[in-house]
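Pasting a structure below so you can have a look.
Letters A, B, C, D and E mark the chains in the order given here, with residues in each chain numbered from 1 onward.
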Amino acid sequence: GGSASPDAAGTSSSSGSGGELTGTLTVFAAASLTDVFTGLGDQLMAENPDLDITFNFAGSSALATQITQGAPADVFASANQTQMGVVTGAGLAEGDPTVFTENVLEIAVPPDNPADVTGLSDFADADLTLAVCAPDVPCGAAAEQVFEAAGITAQPDTLEEDVRAALTKVELGEVDAALVYASDVQAAGDQVEGIGFPEAEDAVNEYPICTLAGSQNPGAARAFLDLVESEAGQRALTDAGFRSPTS
Amino acid sequence: MSLRAHVVVRRGALLVDVDLAVADGEVLAVLGPNGAGKSTVLRVLAGLLVPDGGRVAVGDDVWDDGDRHLPAHRRPLGMVFQDHLLFPHLSTTDNVAFGLRTRGVRRAEARSTAEGWLRRVGLEGFGDRRPTQLSGGQAQRAALARALVGEPRLLLLDEPLSALDARTRLTVRAELRRHLAEFAGCAVLVSHDPVDAMALADRVLVVEDGRVVQEGTPAEVARMPRTDYVARLVGLSLLPGVGRGRSVELDGGGAVAVAEEAQGPVFVAVRPGTVSLYLSRPDGSPRNVWPATLVAATPHGSTVRCDLDGEVPLTADVTATAFAELGLQPGARVWASVKASEVAVYPR
Amino acid sequence: MSLRAHVVVRRGALLVDVDLAVADGEVLAVLGPNGAGKSTVLRVLAGLLVPDGGRVAVGDDVWDDGDRHLPAHRRPLGMVFQDHLLFPHLSTTDNVAFGLRTRGVRRAEARSTAEGWLRRVGLEGFGDRRPTQLSGGQAQRAALARALVGEPRLLLLDEPLSALDARTRLTVRAELRRHLAEFAGCAVLVSHDPVDAMALADRVLVVEDGRVVQEGTPAEVARMPRTDYVARLVGLSLLPGVGRGRSVELDGGGAVAVAEEAQGPVFVAVRPGTVSLYLSRPDGSPRNVWPATLVAATPHGSTVRCDLDGEVPLTADVTATAFAELGLQPGARVWASVKASEVAVYPR
Amino acid sequence: MAFLVLPLLGLLVRAPWSELWPQLTQPQVGQALRLSLVSATLATLVSLVLGVPIAWVLARSTLRGRSVLRALVTVPLVLPPVVGGVALFLVLGRQGILGRWLYETFDYTIPFTTTAVVIAETFVAMPFLVISVEGALRAADARFEDAAATLGADRWTTFRRVTLPLVAPGVAAGAVLCWARALGEFGATITFAGNFPGTTQTMPLAVYLALQSNPEGAIVLSLVLLAVSLATLLLLRDRWLGRSGVPT
Amino acid sequence: MAFLVLPLLGLLVRAPWSELWPQLTQPQVGQALRLSLVSATLATLVSLVLGVPIAWVLARSTLRGRSVLRALVTVPLVLPPVVGGVALFLVLGRQGILGRWLYETFDYTIPFTTTAVVIAETFVAMPFLVISVEGALRAADARFEDAAATLGADRWTTFRRVTLPLVAPGVAAGAVLCWARALGEFGATITFAGNFPGTTQTMPLAVYLALQSNPEGAIVLSLVLLAVSLATLLLLRDRWLGRSGVPT
C-alpha cells in the first residue's frame, strides 16, 4: 500500500520521495465498477491535487477491443478473465494481472418475491418467467456451471446480454427471478431482493486488473492498483456487494 | 330543379362574393381574368371548399348554408378539370367507372356502363389504355365521360379546353357543345376564352376581382361590354363617359359624337374595324377625329391591329396594304376617325 | 452569323429529324401538334439534350457535331419557357441579373443592367418582387428580360404565350413582337397557336411526328396548307387530288371543278365561308354541289361553323340567321356547294 | 462516399473468411437469420398499417397539433433504444398499463415472445416509414383527391383507391427504410423481448453476443446480415423509389 | 398513434421526478448534454457537406451504379452500431487503413476524442439526410436547372444558386432527422470514441452508465434528452418541412 495520507501528501514537496503523483491517469474499467472506482478515483485525486484521473466505463469486451486498437489506457479492470485474456494475449499488459475482487451469483427476485422462489431448483420450473445471462457473457458462463453442478436443467425465458439487462427485468417485475451477481443486487437497492444459494461457490467470477504496457503514467497506474487492493479499496468493494478474493 | 348560389369566401387577399343561378338544361359560362376567383367559386359549388358565407342550393336541396355543409362526395355532381386529372393508375374504363363504383354499382355493370359512355364520347376501343397513352383531346373526352357517367344534377367544368392545342380544342369544343346540349342538369363552365363562352354557354357571368361585373347572353356581353377586360376580350374599345344629347363627354377627356340621343352615364364601344387612320387631319363627313400616337402594331390575318394612345385611347384594324402605304411605325403620329353611326352607346 | 441546324434525336417512340436555318434578325416559328417534337428540337438547340446525330452551328461556331457537344451553359443563348420558370427564391431583378452574374459581372453592375432591362419590358418598380408576386404577363415579360440581358446570339422561345390568359396574351404578344423586331440575333419560336406564328415570325416551319411537313412565310402557309393539321389551324378544308384540266379528282372520291388548269397531284383548299348549304339540290351556277351530313355545328361569332361528312368532307360557315332558317340539326342531310372560282389549287 | 464505403471495406478485408463456413452452418445462425427476416418483415407490415394513416394525417389534415404529432413520431429516433424497451415494458409488460390487463384477463404476456420482437422493431422502425410516406404524400398532387371526391368517393375510399396507388413508390421507399432499420434493431428488442434462440434471438442479438466471446465470428455474422439486406435492397429497383427528376 | 404515445406516457408516469433536480445539477450531466448537442450538430453539418452531393448524384445523375450506391448508403442503418464502431476502428483506428498513416505522419489518433464522437455519429446518421434530400431533389422541378444552364450557369453554380435554395425545406427536414439520430447514437460512439466524461461521454452514454447503478436516474436522464430534442424539433416549424399538400 503506497498511498500516503491526505495530510502527508499535502505537506510533502512535489519532488519529494513521498511520490506525489502528477499528470493524467486513464482507467478502463468494467461498467459494474462505476460507483466504486469513481469513489476511489476521487480519493486518489484528493490526495494528489496534480493528478487527474479519467475513467472509461463500458462493457469489458468493448474495452478490450479499444485497448487492442491502441486506446491510451493506463489501467484495465475487467469483469472477467476472458476479456483480460484478450489484452494479455495481445501482449499489452504490464506484468501479470491480479484478481482484485470476486463476485458470486445470487438469485434476484422482485420485492416480496411474488413467485415464492426459494432456491436454484426453481430455475427448472417452466411455468416461471426466468432470466439468466447468455453463455457468451461471464455471468452466463457462471450460470451454466452452477446448473451443471446442481444437476438442474434450467428453463429460462431469455438469455440476457448482461447482468444489468436481467436486473432491469426483475426491477420492472417482468420476470419472476433472474440469476445475477451479488454486487448488482446490492446496487439495485430495495428494487430487488437477493437470495443466496450454496452452488454459487462453484462459479466464482474473478475481476482481474493490470497496468498496461503503453502507460504514460506508470507510477500513478501502480498507485491506483495499490489503492484498489488496499484495505480501503477492498472495503469499498465489499460495501458494493463484491467480496475479497479468497485465494 | 336548378342551381341557386350565393358564394362568399375569402382567398388570401381576395374576397369572392358571387351570386349565380342556373336553370335546368342551361349552361352558364363564368368568364374572368387570372386570379379573379372563378375556380374558387367552382370549388365551393363542388363542395371542395367550405364557403365563409352565402348559400348553395340545387332544386330543394340545400348544399351549403351557414352551419350546413354537404361534403363533395355526397353531392350529385360531375366535374371536369383543366388537366383532365384522370387517375394515372387506372385504365380509361376504370376511370370512367370510378364514380359508379363509389356509388356501389357492381364492377361488371359499372364497366359496361362506362364503356357505353366511352362509345358516346368517341373513345370506343380505348378503354384499356392508361391515361398517359391518350392524347390530350382523348383524355379530356374521357374526363367528360367520367363526369357524366353518374348522371349528375350539376356539371362543373373548370377550363376544360385550355390545356389542349389549338386544333384539338376545335374538335373537343364541338363535341363538348353536343354533350352539353344533351345534358339535362345545370352546367357551369369556367373559362378565360370568350370563344368557349360564345360557343358553349346560354348565359355569361363575368367575374373580376371576386365580383360579378357583367351578366347576360353571350351576344349581349359581346355587343355591350361593361368593363375594359370584357371589351378587350371581345375586341372592342370601351370608353366610359356622360351623355349630353348627340355627344358623349368621355371621363378620360375629349368627346364622341354619337348617332342616337344619350343622357347620363354611358359606355361608348368602338369596333376596331370601324376606325380609320390618316397621316393628316381629314376633312370629311366623320365628325369624330382625334390625334393619336401609334403604340404597337400586330398583324392579324390580312389586317394589322394598331394600338393607339392619345386623349381617346383606341384600337384600329387596318388592312395590311393600307398599313404599308401609310408607312406607319410605332411612335408615328396619326389621326383616327370613326363615323358617329358606327359607335355603340349604352347606359352604364 | 446565323443558325444552321440538322437535329436528329430519338425520343421514346418518336424519331425527330429536322433541318432548319435562321438568318440574323430573322424569327422562325416552329408550329406543330402536341408531341410533334418541337420542344425536343429546342432543347437540342439549347444544348440541354445531346442529339443522336446531325449538326448545330451558329455562324462559324459548331455547337453540336458528332463527337462535339457544347454544353448549354457555354452557348451564348437566351431561352424563354412556357411557365416562365423564374427562380422562385430570387427577386425579379436578381432573376434578370442571374445570367450576367454567372458570366462574372459584378453584382452592382449586373443589377443595374438588369434594372435597365426591366424598364425596357415595362417592369420598372417591380424589381424587388418575388416571381409569385407578379401576374402571369409580368412574369413572362421578366422571363424575356432574363433571356435577353446576356445579349444572346440565339433566342429560343418555347410557347412563351400559352400559359397566359386571352387578354394578357394579346398585350404580351404585341410587346414580344416589338422586342423580337429589335433583336439582332436569330430567334426560334415554338408554338401551337397559328396566331403567334402569324404575328411574330418571318418564316414558319411546320413539324409533325418529328418531320418538317411544310415551310414558308406565314402568309404562304396560311394560304396553301400542305397537311390536314395546318389546314384546320388556318381554317381551311384540305382535299388532296389529281388535276385533270379544269377538274380535280379527289383521292377520297368525288371531283372538284376549279377555275384554273391543274395537272398532276394537287391540293384543293376550300374556305368555309365560301361553302353554301341547301336543303335540296340547288340549280345554279356553282358547278360544285355535293350531298353531305351535318356532323356538328358550333356558333362562332355571328356565324355557325358546320362540320360536314360525305364523299367530300368540308367545313362550312353560315350566318346564324341562315342556320336558324334552314332549321339544321346535327344529323341533317344537306347539299353543299362552292363556286369553282373560290377554290384554291396548288401542286402537292 | 469513401466515408461510407471504407468502413465496409475495412470489415470485408479484416473479416476472417475461414470462419464463414463454420459460422453459417451453426443451426443458431440460420434460426436467427430466419427470425430476423420474418420479424423485420412483420414489423414493416405493421408499420405500414399503422404508419401510413399517421403520415396521411401529417400531410393532409389541418389539425392544430400536427407539429407536435410530427415531433412525437421522431421520439423513437432520439430515445436510446434500451429506454425505448423499458418504455414498452411500462405499457405492455406484465406489470404495464395494458399488459397487466392482458395478463389478468387472458393470462397472456407479450414480453419474451416473437410478438415482442415485432413490437419492439415496429416501435423503433415505424418513424422512418411515417416520415418517408409523409414526404411522398406532400409531393403527390392533391387535386386527384379532389377529383375523386367529386366522383362520390369519401375520404377513406379516396385514400384507398386513389391516394395510396399514387404514392406507392414513396410508400415502397419508406417500407425499405423501415425494414432495414427493423433488421438492424438491437437495444429495444433485447430489452423488451429478451434473447432466446429460436423465439427472440435475431441476428443483431446474435452478433452482439458473439462479439463478447468471438469478435471475429461476430464480424462474419454481421457481414452475412449485411449481405442479405443489401441483396434485398438491390432487388428493389430504381423505379420503386419514385419517378426520376433527371433533366434529360 | 397510441402505439407511439403510450410508451412515452408510461415513461413519464413512472419516472421518479424527485430525482430530476439532483440529476440535472450534476456537473457531468450538463457536460454530457452540452457535448451531445455540440457533437450532434457538428455531425449534422458534416453530413450536410458530404451527404447533399451524394443525394444529388442519386437523384440527378445517370450513373449506372446508382442503385448500388443507394444500397450502400443504407448500410449503416442495418449494421449493428457496435459493429459499425468496430468498422470505424478498422479504418481510422491507430492500426486502421487510414489511421495508421495519420498516426505515423502526424502522430495523431482519432479514437477517444470528440472528433471520434462526431465521426461515429456522422457514420450512423448521414444516411437519413441522404435519403431525405434525395427525395426532395426528386420532387423538385428539374426544369429550373435547365433554365439556369441556358443562363450560363455550369453544374456547380446551378446546384449552389438554384437547386439548393429550391430544396431547402427538404434539406432542413433531412437535417432534423439526421440530428435526432446523431443525438441518440450509442453503440458506435461507445465503441469507437469510448466513454470519457467531457470529451466523449454523450447523453446516451451517460444514460447507459446510470442504468448500471441508478436505473431511475437513467430514465430521468433520457427524458431530459428527449425534452431537449423535442423542443428543438418543435421550434422548427411546419414550413421547414416543405410546402403543404393540403387540398383546400
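The rule we apply is simple: a contact is a pair of C-beta atoms (placed from the backbone, for glycine too) under 8 Å apart; a residue touches a chain by one contact, two chains touch by 3 or more.
Here the structure is a predicted model, which is why all the values come from computation and not from measurement.
When C-beta pairs in contact are tallied for every pair of chains, the largest tally goes to D-E. A centroid comparison over C-alpha atoms places A as the chain most distant from chain C. In whole angstrom, the spacing between the mean C-alpha positions of chain C and chain D is 55. Rounded to a whole number, the gap between the C-alpha centres of chain A and chain D is 36 angstrom. Between chain A and chain E, the centres computed from C-alpha atoms are 33 Å apart. Centroids built from CA atoms put chain E at 54 Å from chain C. Across the assembly, chain A contributes residues 65, 168 that each touch 2 or more other chains. Multi-chain contact residues, meaning those touching two or more other chains, occur in chain C at positions 48.
Multi-chain contact residues of chain D, defined as those touching 2 or more other chains: 86, 90, 143, 146, 208, 211, 215, 247-248. Of all residues in chain C, those touching chain E in their complex are 43, 46-48, 71-75, 77-79, 81, 83, 85, 87-89, 98-99, 102-103, 146-147, 150, 156.
Interface of chain D with chain A (complex): residues 86, 89-90, 93-95, 109, 111-112, 190-191, 193-197, 200-201, 205, 208-215.
Interface residues of chain D facing chain B in the complex, by the touch rule stated above, are 143-144, 146-155, 157-158, 161-162, 165-166, 168.
Residue ranges of chain D in contact with chain E, taken from their complex: 1, 3-11, 13-14, 50, 54, 59-62, 66-84, 86-88, 90-91, 96-98, 122-123, 126, 131-132, 134-140, 142-143, 145-146, 170, 173, 176-177, 180-181, 183-184, 186-187, 204, 207-208, 211, 215, 218-219, 222, 225-226, 229-230, 233-234, 237-238, 241-248. Residues 59, 61, 65, 82, 129, 131, 134, 136-137, 156-161, 165, 168-169, 172-174 of chain A are the ones that touch chain D when the two sit in their complex.
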